[in-house]
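Please find the structures below.
The two complexes that follow have subunit A in common; it is paired with subunit B in the first and with subunit C in the second.
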Partner chain A sequence: MHTRSTTWSLLLAGAVVFAFSAACWGQVTQYDEDQRMNMESHIGKLTGHAKDGKPLYQRFCIGCHGPIGDGEGENAQWIDPKPRNFTLGIFKCRSTPTGTLPTDEDLYNTIGRGLVSSNMPRWFPLTDQDRADLIAYVKHFSPRFVKEKPGPVLEIPPEPPVTAERVQSGQQVFKRVECWKCHGVEGRANGPSSDTLTDDFNRPIKPFNFHDETRFKCGETDRDLYRIFMTGLDSTPMPSFGDNIKPDEAWDLVMYLRSLQPMNTPEKAIAKKLGLKPINPNAPAAQSETK
Partner chain B sequence: MPSFAQSKFAGALLAVCLVLGLAPSAFGIPAFARKYGLPCSACHEAWPKLNVFGQTFKDNGYQLMNDRDSPIWQNPSYWPVAFRNTPNWHRESINKVAVDVASGAAEQKVNSHGFDLSGMDILSGGTLYNNISFLLVPSMENTGEFGLESAWVRFDNLLKSPWVNFKFGKFELDNIISEKRIMNLSNVGGAYQLYHFAPIGDSNAFGQMGDNQLGMEWLGHSKDDRSRVSAALLSSNDGSVNLPNANSYAGFFTASQAFDTGKLGVDRFGAYAMVGQAPTYSLTSLGNPFLAVGNKNFSREGVFGLFYLKKLDFSLFFQHGSDNPYLGLGLASNQALPAGAQSPSWNGGFVETHYTVNPQFIFIQRDEFIRMSKQALPSMPSSLGNLDAYTFSFRWYPIMFSRAGFAIEPEYSLMRQQGVAPISGSSLSSSSAFLGFDFDF
Partner chain C sequence: MKSLYKSAAILAVLVVVALGLLSTGVHVNAAAEGRVTGTIKLDGTAPHMRPIDMSKDPTCAKQHPTPARLENVVVGPSGGLANVVVYISQGLPASAAAVVPSKPIVWDQKGCMYQPHVAGMDVGQQLQVVNSDPTTHNIHPLPQMGGGNIGWNKSQPQGSPPFKTSWKSEEVAIPVKCNIHPWMHGYMVVVKGPYGVSDSSGSFTLDNVPPGTYTLTAWHETYGTQTQKVTVAAGKPATVSFTFKAK
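Take a look at the complex of A and B:
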């Protein structure tokens, strides 16, 4: 009898402690989030405020990203790729090194540009101020934006003129850093690893097919393309090549990749003139891929 | 020969019928929300009124432009169809109706009220492929009469430019302040009077900006949709199908520019013109009319604006209208005009105010006026046909997500028109009290 009453007492005490802790945790969490409602964003001369972004988020974003920004909105189950979980503070499109927070401008540009081949539309019809306010509110979901600063912005040197040598050199970079393993030797998203790729949440993910698409997830200009492989796409298998590719080589790679895309670019004309053939991963590095 | 009073009443009745018969076939299409997984509020200030993002989506040919617009991306079970209906209770009141009495006829106030249904819209729209969009709206009146409210296909972003879009079929005119997205549903308040106005005695039924029309339209807009311009060539048959009905055409032109006003919102200014010809009489065969002829000119032109002050916004609309004297007098053009006949003209406008508490609650108020500036005959009373209308309502959306829409709308509307009482020729007032359950799924 005595043992039974002790057990019950312990269970009761445990339950009380658990309930109290949960309540405290909830209050602390709520308190933290309330504190973060003072979050601001700064884009040029614009200052965004989280409290002003809240009604905008509820109008435009909540269906996918969810009321607490965890990417579990009511539509998330129907969407592929899945909506971003803002509470983690991890973003694909950054001008900052991999693993660091993006700048406010990075997030601002993402909202305005949308994410091609996803359900994230371009929100640029909204006012600049609305987008700045939305950024502040998106940031408030993650404590990372309180504790950390964005990483240093990648410096992109001026784009050099397009030459045949650079397009050929870019192809060698494509081969050397093994872009082909995922993107395929022709950039058709059919590399040997392409079928096994998953993101950080273990969800299958496909590499970019350069022959099908003109726009990238994180932009459409040459500078955007440069930035993408130099900073990587966090939470995806696309790593940062900032440590492996020199700035000059990076421009070469941009030019080669442009020659693969379905637009009439100078790079494409050069590749055609050169008769540039797909790389042979097994060939020695110095071997030319031209006819 | 009908008396002048009877003509006036017939004219007023025609105007009321035009307005009442045009139970708004408004567009708020949950099929789009289901397709893209966006809540209604993403495109609608409060549905069916579009916000700046929704207007851009519409102008892009129902595309988000994220490479997921073609139906090939949709689950095969996706069905691009939505339905809309509004069960309601309403009370209609007209202060002067000619009622038969022992001594002949007398004017009497008539009230009627009861439970009712709106018509039903079947809204099917979206993309057939990247940059080919469509809208098909079979619409059923509450009496069971069926028709095609809209039926068009559009080629979008031709030459890879948002400035080159062509639409063919039966479509809503490119009105930024669209009657198809009016927030009110009552008999009196459910239409913009100016979009259907014609002077008393006027036979022109074709200058109606509120009706969907048959024709083709070019629309161009900037990438962010801040600048818009469109031109449409229309058959002057008020959307009636089957040839021959009339060999006349009209054009509808509009241009507008929007401005980013920071925290206040996106404001827009614009101008429009609807000019064309309308027939004045019909050729007959064995006594049956078969082709409307005797075309005469008409025009409607004006300016509009959308002004946002955060949650408060104003839609402003002004119009100057004019009809050829033959149209104004309802006279066949092969007859002689009476002495002094002139083109009737008028000026009018409305201010519609919205206060959007949140995407699920909006107050709506509208003041509208029309003043005749010139009658078809100088002998006609100068104020004949002048019109004032007021509407107040709110819409509450108990739910707001990406699968369906539901709104509860109480509304009160009042309209007064000068000189059209059936016997006394004094002003005629009509009012609607309305409680509707507006659902869309």
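Take a look at the complex of A and C:
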């Protein structure tokens, strides 16, 4: 009995020592940085290597994102929105929950897609392998990619067919979760809170105007739109709605938002046929008050 | 062979129970141990706290027959300074620092204000975020970027259930904001070990402080920090008072 409990206490002590050394791991040293140059990215069958990404970064990215990846390249002062600071490991376009790291694929897609209404272009001239290598190099700037794993990827069910009911109930979701507080009742980026918004770096930022753009910051497909409001755009005022919108409702909301956009969409035709009017947030609130 | 497994399993259960008893024993002892109480005063005239214009969101404005005021400096009638977090910044034995209160901290969004405006909490202590308002809030804590805590941004529409979270590292203090209601500001003060937050009379209490000599730090969002040495004896509360000077 005695020897058994000694074994147990030894095990426990070992666990404590392990936990303590793990806690000390937060500090960044030169050693860590060297370690981080071994960073890899995995996108499908592609494997990217940070050391191969370095020359590409120094040719294509350094001007804005800077030699140490802090977003303070020599062009940065002329640019708005500002280039991303990679050392923080915080990204807008993620398929993972708010506050977690994006997947390699998320970052890879951002390079291929570019970011509309910013200076970040689509990097079409780069091969798939180049982009994978670049992602590994971009990841090496932040210690978060050593310490943490990306969050669980948002599951998106297959898109249901567009129906009038869905467009209408999407409008109710738009009203219930109060998208209009920032995006406005018609999605024209003129909601009551729109003019006071700042990002996490305290810079003014505007909500998306659905009537202006065909593409969104993080993609242009229906699935991209679904993902944007479910995971949120970290470091901006756009929160994650994943806890409060069910998958079915999320597709409804996607369809309603499509009816606001400038191009011809089936949803827009449906909304026109229905004579769908913009929501009036004050009317029903006043009713429930008198009850 | 089977009986060996059996005895090993029984032994394991025994060890777990013993460890459990041991840890609760430590906890009970700690409760019987010292405490620090005291008051925080503001010396001078408190700055004027501007009333908040909530007209942009009528559901908020309606909840305040007289307009709510900013809470950067909240002073009680007797000159006590509220929303000061007092914690042990030096001298706490690791065993006491490792104790995490099991009671969750409730962070409520009510009347389009944070209640409390300043919350103290332990590293790893459960934080429960509640929306009592008939409107959507987005809760957006902004920890120091590149530090041990990672920020996030979640919406909480009217009627959505509370959600639970916690912080990984010590941080004094994490600002919290709501982008939808730009006047909403608050702070989460994440520390290790006992802490107390002063109420509107300026009084605070730190419980479960083992006997010893410590450095106490008092943090206020407008007036910064102050430190003081304190010696805690078993079974006898130590009394400390801090005075912040109005700027």
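Note that the second predicted complex is superposed on the first by the 254 of 291 C-alpha atoms of A that agree within 3 Å, B and C clash if a C-alpha of one lies under 4 Å from a C-alpha of the other, contacts with A are read in each partner's own complex, and residues count from 1 in each chain.
Assume a residue touches a chain if its C-beta (ideal position, glycine included) is under 8 Å from a C-beta of that chain, and two chains touch if they have at least 3 such contacts.
Predicted, not measured: the structure shown is a model, and the values here were computed from it.
Upon superposition of the two complexes on subunit A, no clash is found between subunit B and subunit C, which fit side by side. Contacts of A:Asn264 after superposition: neither subunit B nor subunit C is touched.
By the touch criterion defined above, A:Glu213 reaches subunit B but does not reach subunit C. In the superposed model, A:Asp200 lies in contact with subunit C only, and not with subunit B. With both structures placed on the common chain, the touch criterion links A:Met120 to subunit B but leaves subunit C unconnected. Once the two complexes are overlaid on the shared chain, A:Pro55 sits against subunit B while remaining clear of subunit C.
Greater residue coverage of subunit A by touch, when subunit B is weighed against subunit C, goes to C. In the overlay built on the shared chain, the residue A:Thr98 is in contact with subunit C alone; subunit B does not reach it. With chain A fitted onto itself, subunit B and subunit C come no nearer than 26 Å, counting C-alpha atoms only.
Within subunit A, no residue touches subunit B in one complex and subunit C in the other.
Within the complex formed with subunit A, the residues of subunit B that make contact are 36-39, 41-42, 52-53, 55-57, 64-68, 223-225, 260-263, 265-266, 358-359, 401-402. Across the interface of their complex, subunit B is touched by residues 52, 55, 58-60, 62-64, 74-75, 78-79, 114-129, 213, 215 of subunit A.
Per the touch definition, subunit A reaches subunit C in the complex via residues 1, 4-5, 8, 12, 26, 87-88, 90, 97-100, 144, 176-178, 181-182, 192-193, 196-198, 200, 232, 234-241, 243-244, 282, 285. Taken in their complex, subunit C has these residues touching subunit A: 11, 15, 19, 56-59, 134-136, 138-140, 142, 145-146, 148, 150-158, 160, 163, 169, 179-182.
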